[in-house]
């Protein structure tokens, strides 16, 4: 037994000569991300059963690997007899679409603000960036909650609460780089040639920021999915009948003792998806821009 | 001490159509008593004047002064935040040391994976799983609420997951810098055993930015624990706002959000200060 | 009686760009009580040689890949880490270059001074403090007892370097590797420090390898000199011979670049060109493209070591018939 332990230690402790980052994206992440995206796009065709179909005769059926489960409902059924596997597949749509939308919108606004702040500078730039700074620590969940009662919860409220903070994060991360770009010669040249501010920003600034923007986006996807799930869990997310993983966890809470799979499986889906995106984002960042490597 | 409920003090964002759109009762409805029929800007001005005078009104639900509730809740959130930071340090420091010392080995990859894993797990799910496994199945700890020291453990563990990732990464890079430094080289020259080199010489220096970061994180956690507090029925600020939102307890919601905003500003200041102090140390070679 | 014998040492550093042959076949010998100077320009491998002897090459990329380092009949290269730890700091110690960064700012100098005493000599409590005080007295630091409680930043540079020296000799090593210990000191302090070192060395009969690029110091401190270039030792000689009759063209150029003390000159001769990159070494003599005596055969094969005087050796095709 002692030999096996020390063998494990030796295996884990052996130095690997390779210092560089692998050129191939990590296998696990790519598989999971592809699976989730495929599910979100084509979920309607992939579901083995209708996710909203209720069949009280088979309610609270356990997953297939537990006694009492069957392959008819591989991940079990919920309180209303709905197939959990199908609901998971259908739920991916919400997670992916909401987060991607929020990220894109946040990026758009954030990039615009950054470019304007960097280009015009002066008090305008100051005000913009100060605003971005001050938005940083505001808790998104609270915003989402408030919005959900002022206006009843919907796709719009969820996305708005995310974009509200997201643009500020983009702006903060990109500002330094944008400023540095503004100092470059090709920008001065463009100004001399009489290019309009808009043209300079779109033609010169934006393409150089694109790399960083993309990397930031991959890093934020995981976070966005978590926010959407948390809001759904608290009841401030996309309302039913659209299945959302967060809400599934919340719904399963009451029966957790008899039917642990109701909450655990959707939660695991969230975990795996976010994990995959985070790992992928890390790899991408190491590969493309070591400067952004997390401290 | 903020007891009497000013009828006009309602959240500035109570727009037209929100409370007035619900149900019956005519002009006797409580919303009219609270002055929701006045124009928004008037409501907002009244709200501001109330905040600055320190009065938050009275809870519609519990009839208690809101300020007392909020302060009590904030203190509870603070307790949770401190617990989470302690757990974060307990778990994150060894992981960070391993990742920094055993570079380019599978140990490092494993530590980094654990960190990313912690960052990717939704708090509410971790909480639910922990409750189910530890409290219910194993019967080891209480399932929720805030009673006695043992009830701090599960919520603290749940909340510390993201922090573990942050600490591990920060400590890893600090350790790498420290292990590269001249004084570590000199300690090795003296023939000091490697174990002491790592844990005494390198770690002592590497911990400085980590402790600063953790201090700030306590403040940050005050506002980031909503789902954890809800899952564990922890009487903190996040849960208070959540239950008040559900119960449409406007004064509490309004007061809670104000508290949140102030905490957010405070945290911002702290982060600024921290970075100006710590920054030279984190710079990687 | 030789304390240290290095035979054909090779040390490589693996980088993303290729293998850096930092130490490429070095052989040297130091006797008890003797000081061997290791001279050369930056990057020639002299510090790496010292680190190799101490087995402190940067990990994980640095490795000793060949050769032997014999300390009293024990091959240091073959020892495992456990055995070697009894040697590092105890039988062989090192004085690093920069006193400002070598000491840990978080601990008192007493703490750092007592560390090797505790580790190697197993002293405890009162014996520890007594010995630490003795060491500080040895390096002429006044008020030793109160100094033990000071932190490194509270001492001047000269004092710090003396403390570092005290730490190095604390366990009576047989060999000291001094890596340019006076570079960061004022000139006036330098002289004091060198005098101190020589005294201690004589008192304990230690062997010393003194690494420097300062030829003035060489003349004061060393008995013999080894000149390094691009990872190899290209000349070894006694102190007198190396100044009066440098054999290798590189050594000649090096010593002729010292400004003469008795008259002014308009310009100082310098050696044109750069040393070769240690990743991409030529097959022949490495000084070929900067040498004024370069011949055709210099480019083809690396010159073997040839004796040009009493205990005077050099690797140059000029002397091989």
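The chains carry the letters A, B and C, assigned in the order they are written, with residues numbered from 1 in each.
Following the convention adopted for this analysis, a residue touches a chain if its C-beta (ideal position, glycine included) is under 8 Å from a C-beta of that chain, and two chains touch if they have at least 3 such contacts.
Quick caveat: nothing in here was measured; it's all calculated off a predicted structure.
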Given the contact rule stated at the top, which pair of chains has the most C-beta pairs in contact? A-B
Relative to chain A, the most remote chain by C-alpha centroid is chain C
If you average the CA atoms of chain A and of chain B, how far apart do the two points sit, in angstrom? 21
Please work out the Cα centroid separation of chain B and chain C, and write it as a whole number of Å. 54
Provide the list of chain A residues touching at least two other chains, using ranges where the numbers run on. 15, 17, 19
For chain B, which residues are shared contacts with two or more other chains? 104
Multi-partner residues of chain C (each touching 2 or more other chains): 60
Interfacial residue positions of chain B with respect to chain A in the complex: 13-15, 18, 102, 104-107, 110, 116-117, 119-125, 128-129, 132, 136, 169-170, 173, 220, 223-224, 226-227, 230, 238, 241-242, 245-246, 248, 253, 256-257, 260-261, 263-265, 267-268, 271, 282, 284
Chain B touches which residues of chain C in the complex? 54, 56, 60, 85-90, 93-94, 96, 98, 101-107, 115-116, 119-120, 164, 167-168
Looking at the complex, which residues from chain A come into contact with chain B? 11-19, 133-134, 136-139, 141-142, 145-146, 148-151, 222, 226, 229-230, 233-235, 246, 249-250, 253, 256-257, 260, 263-264, 267-268, 270-271, 274-275, 278-279, 282, 294-295
Quick one: which bits of chain B touch chain C in the complex? Just the residue numbers, please. 103-104, 181-183, 185-193, 201, 204-205
